[in-house]
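Okay, structure first, notes after.
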Amino acid sequence: MSNTLSFTRNPQLNHQGELQHLLSIEGLPREIIERILDTAAPFTLVAEREVKKVPLLRGKSVFNLFFENSTRTRTTFEIAAKRLSADVINLNINTSSAAKGETLLDTVDNLAAMQADMFVVRHAASGAPYLIAQHLAASGRKHIHVVNAGDGRHAHPTQGLLDMYTIRHYKKDFSQLTVAIVGDILHSRVARSQIHGLTTLGVPEVRVIAPRTLLPTGVERMGVRVFTDMQEGLRGADVVMMLRLQNERMQGALLPSSQEYFKSYGLTPEKLALAKPDAIVMHPGPMNRGVEIDSSVADGSQAVILPQVSFGIAVRMAVMAMLGGGSQ
Amino acid sequence: MSNTLSFTRNPQLNHQGELQHLLSIEGLPREIIERILDTAAPFTLVAEREVKKVPLLRGKSVFNLFFENSTRTRTTFEIAAKRLSADVINLNINTSSAAKGETLLDTVDNLAAMQADMFVVRHAASGAPYLIAQHLAASGRKHIHVVNAGDGRHAHPTQGLLDMYTIRHYKKDFSQLTVAIVGDILHSRVARSQIHGLTTLGVPEVRVIAPRTLLPTGVERMGVRVFTDMQEGLRGADVVMMLRLQNERMQGALLPSSQEYFKSYGLTPEKLALAKPDAIVMHPGPMNRGVEIDSSVADGSQAVILPQVSFGIAVRMAVMAMLGGGSQ
Amino acid sequence: MSNTLSFTRNPQLNHQGELQHLLSIEGLPREIIERILDTAAPFTLVAEREVKKVPLLRGKSVFNLFFENSTRTRTTFEIAAKRLSADVINLNINTSSAAKGETLLDTVDNLAAMQADMFVVRHAASGAPYLIAQHLAASGRKHIHVVNAGDGRHAHPTQGLLDMYTIRHYKKDFSQLTVAIVGDILHSRVARSQIHGLTTLGVPEVRVIAPRTLLPTGVERMGVRVFTDMQEGLRGADVVMMLRLQNERMQGALLPSSQEYFKSYGLTPEKLALAKPDAIVMHPGPMNRGVEIDSSVADGSQAVILPQVSFGIAVRMAVMAMLGGGSQ
């Protein structure tokens, strides 16, 4: 049974098959992903109300545990938690106990002893949120939930989920789609989460488009078609998911220059014209205009980049509400 | 008609002539300034109560968007918003997306997509809050309000408004006053806001007192009398508004030394004696004691520097309540 | 009378003998300490509830005024205040007005003028919280309370109080105990607070165990027995309170190396076996595993290090509730 299997692989589900932690989309059964998206839908309406708050997490303590700086992601979780009426504590651990030589798990133990209800964890090391979740389980504190807000190159599941929400919102049905993911697949935790989400939800054709130097070896085994030519890869796509190109990639040996990159892999109106006429354009932000995406596309009628942000709040509210309201 | 005129010049008022953004005192009609001061008055009482909160902005999301560090100013807005029961999100953008190369307007678009209700903006570049307000209007998000918390050398309107509140509190009537502003007029956004406020409210004599090197060229055109001799300038003043001298001015060619500056332009009891006996002394803080102001004056009976801070909370509550409760 | 005496020495009690500020355990009468511990007890239950909040400080403004970075301590106070429903404002003053040359007391005056109800103060200079409390009293603002969250080498009273709570929880009665404090007594504000607490509560034998270089001269006058041999000092102890060894001590002339230190003063199972079989092991955190404490002890059945953290939240809630609800 897939639930049991995924529970063996990761501790995201409890024995009743309910969401216990959100660590990665990998290993998450399709019905759980769909339940998250279904739960998110009404939360998009909360944001439209005069009083943008529901009392679902009132009196709960949510810790934003950021071992790596990311104001943007931290803000989305902070807003989502506050709209659920939780008390939110922001912890930037670079400047704190880590500097004093305390281990990651001692830090977690301490915060857990402050009666935390949820940890939103961002860490440069792949697997850190798993380690925390396993430690909490091993020490009998299963009532504390962990949400991965990005770990190394591994996963960024709420980003993946908001992307799935966005695609479902605009395309309704996953079963007929061709989705192209373009850019730095190699270093992107977002891409990994997207690929797992899309394949789990039944997208028949997931393509990745990138120069050889930005493709992980064996990427084909993830169930995707690989293109190094962007024109070919975009042809007939329903959804174009651009990735952010980290500035630091430019300085290394991986890429010639940002102008050169833009020429080959930047999304211009001309290239976009090769996709279906009603194709949507997505980007996780922050955008490098003129590097991976042309401004006329970023601001154009096919872009759904800002709705992604709005849906992201609703999806994070859904995940937190499902975790915070769940039994153990 | 002055409303129409000011709306053309800046987007602070909506078509009904109500406050839409607070960007600068310049261009703000007298009746709007007076309405802000009138609205602030009862908020000074909220701060005296056991429970210092009113539910006017409950469930609203206020973003403190600080592209330039200012704990003091950020704190005043954070307190004001929390006393109105808003959810407050602090964003220090130096360390965030700006570093990742995202444009100012992309950052704003993202936060707007998180269903922001209000941006409190501090920026080193003059005009940044205008740019944001115009962008929001151009992209159909007129329900989001912008408050300028200091932009470059241009304006710091809530500081100017709290100064007006303070003068009205102690002097009741603006129409007979002589007000002297002393110090670094050239680099001061506070001075600009003060001058606009005082002239709009009908102060017949506004004086600026500074060394030539710290006076903007053409300052006379703002409707002020210019003095380079402090003794002359203070004579008969009802209100003495000291400005903060930035440390960095000392190191340049503009000023000989802080001792020399104090001798000529520092407010001592002797110099203050030239003003009216019931003159009040104001300072926006933080003070450089022994540079622009003598400690015996700062702590003396004529100083109203700490009441300015208290009134500042009430004035910021008034501005936010007027914006947050208003239609678009 | 002891109340009058302590009031002369420090301003912690008002004329009715009630807690006015919490500055140090030194000078605090036994009945006040016991009242704090009694008040904390029900707050340990609040943390177990679904909604971990009580409205005791609703609408109050608590300022975390940290002139020295300490995310861990700041977090405990932030959680405690939020669970009492206060509005919490975090101020890291390194990066703020202090840099602009404003004096400590001008900063305090400003925040007081924002209608603060409580200052939680952390400062590298011993006595800073006293200075603030005295200044508030001298300027007629006795309704604002000060809590010392650690000042230089002087005191860290809430840490001392949570230690007392922990001992009382596990040992019930102080009057028969032997308590050993082990480590860097010289530089530890925690040790000072512990010694004052233990002697005030009637512990008959308080021992300090440290190398000569980490013992203050004249430590015997604080009413403790001094040991430089850890084996001797631990013999028959009911409570073993380990201190954190600051990394910077290693680099100086005070200690040979961390391995050497661990050999002589690190708490191992073998050394712990010399204490009573039911002895408890405490540590204020963050721990240096393998320096002052062996992991098998830190994670062992006698360690009460994580309960200390939980009790710490309840004790801080108790202190804040007693201060915030008290008359002046």
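Each chain gets a letter, A, B and C, in the order it is written, and its residues are counted from 1.
Methods note: a residue touches a chain if its C-beta (ideal position, glycine included) is under 8 Å from a C-beta of that chain, and two chains touch if they have at least 3 such contacts.
All values derive from a computational prediction rather than experimental measurement.
Visitor: Chain adjacency by touch: line, ring, star, complete or other shape?
Guide: The chain contacts form a complete graph, every chain touching every other.
Visitor: Do subunit B and subunit C, two copies of one chain sequence, contact each other through the same residue numbers, with over half in common, or through different ones?
Guide: Mostly different residues form this interface, as fewer than half of the numbers used are common to both chains.
Visitor: Rounded to the nearest 5 degrees, what angle rotates subunit A onto subunit C on CA?
Guide: In short, 120 degrees.
Visitor: State, to the nearest whole Å, the distance from the C-alpha centre of subunit B to the C-alpha centre of subunit C.
Guide: 41
Visitor: At least two other chains touched by the same residue of subunit A: list those residues.
Guide: Correct list: empty.
Visitor: Would you pull the subunit B residues touching subunit C in the complex into a rising list?
Guide: Per the touch definition, subunit B meets subunit C at residues 47-53, 69-72, 75-76, 78-79, 82-83, 247, 285-289, 306-310, 312-313.
Visitor: So in the complex, the part of subunit A that touches subunit C is made up of which residues?
Guide: For subunit A paired with subunit C, touching residues are 58-61, 87, 89, 91-93, 95-97, 100-103, 106-107, 109-115.
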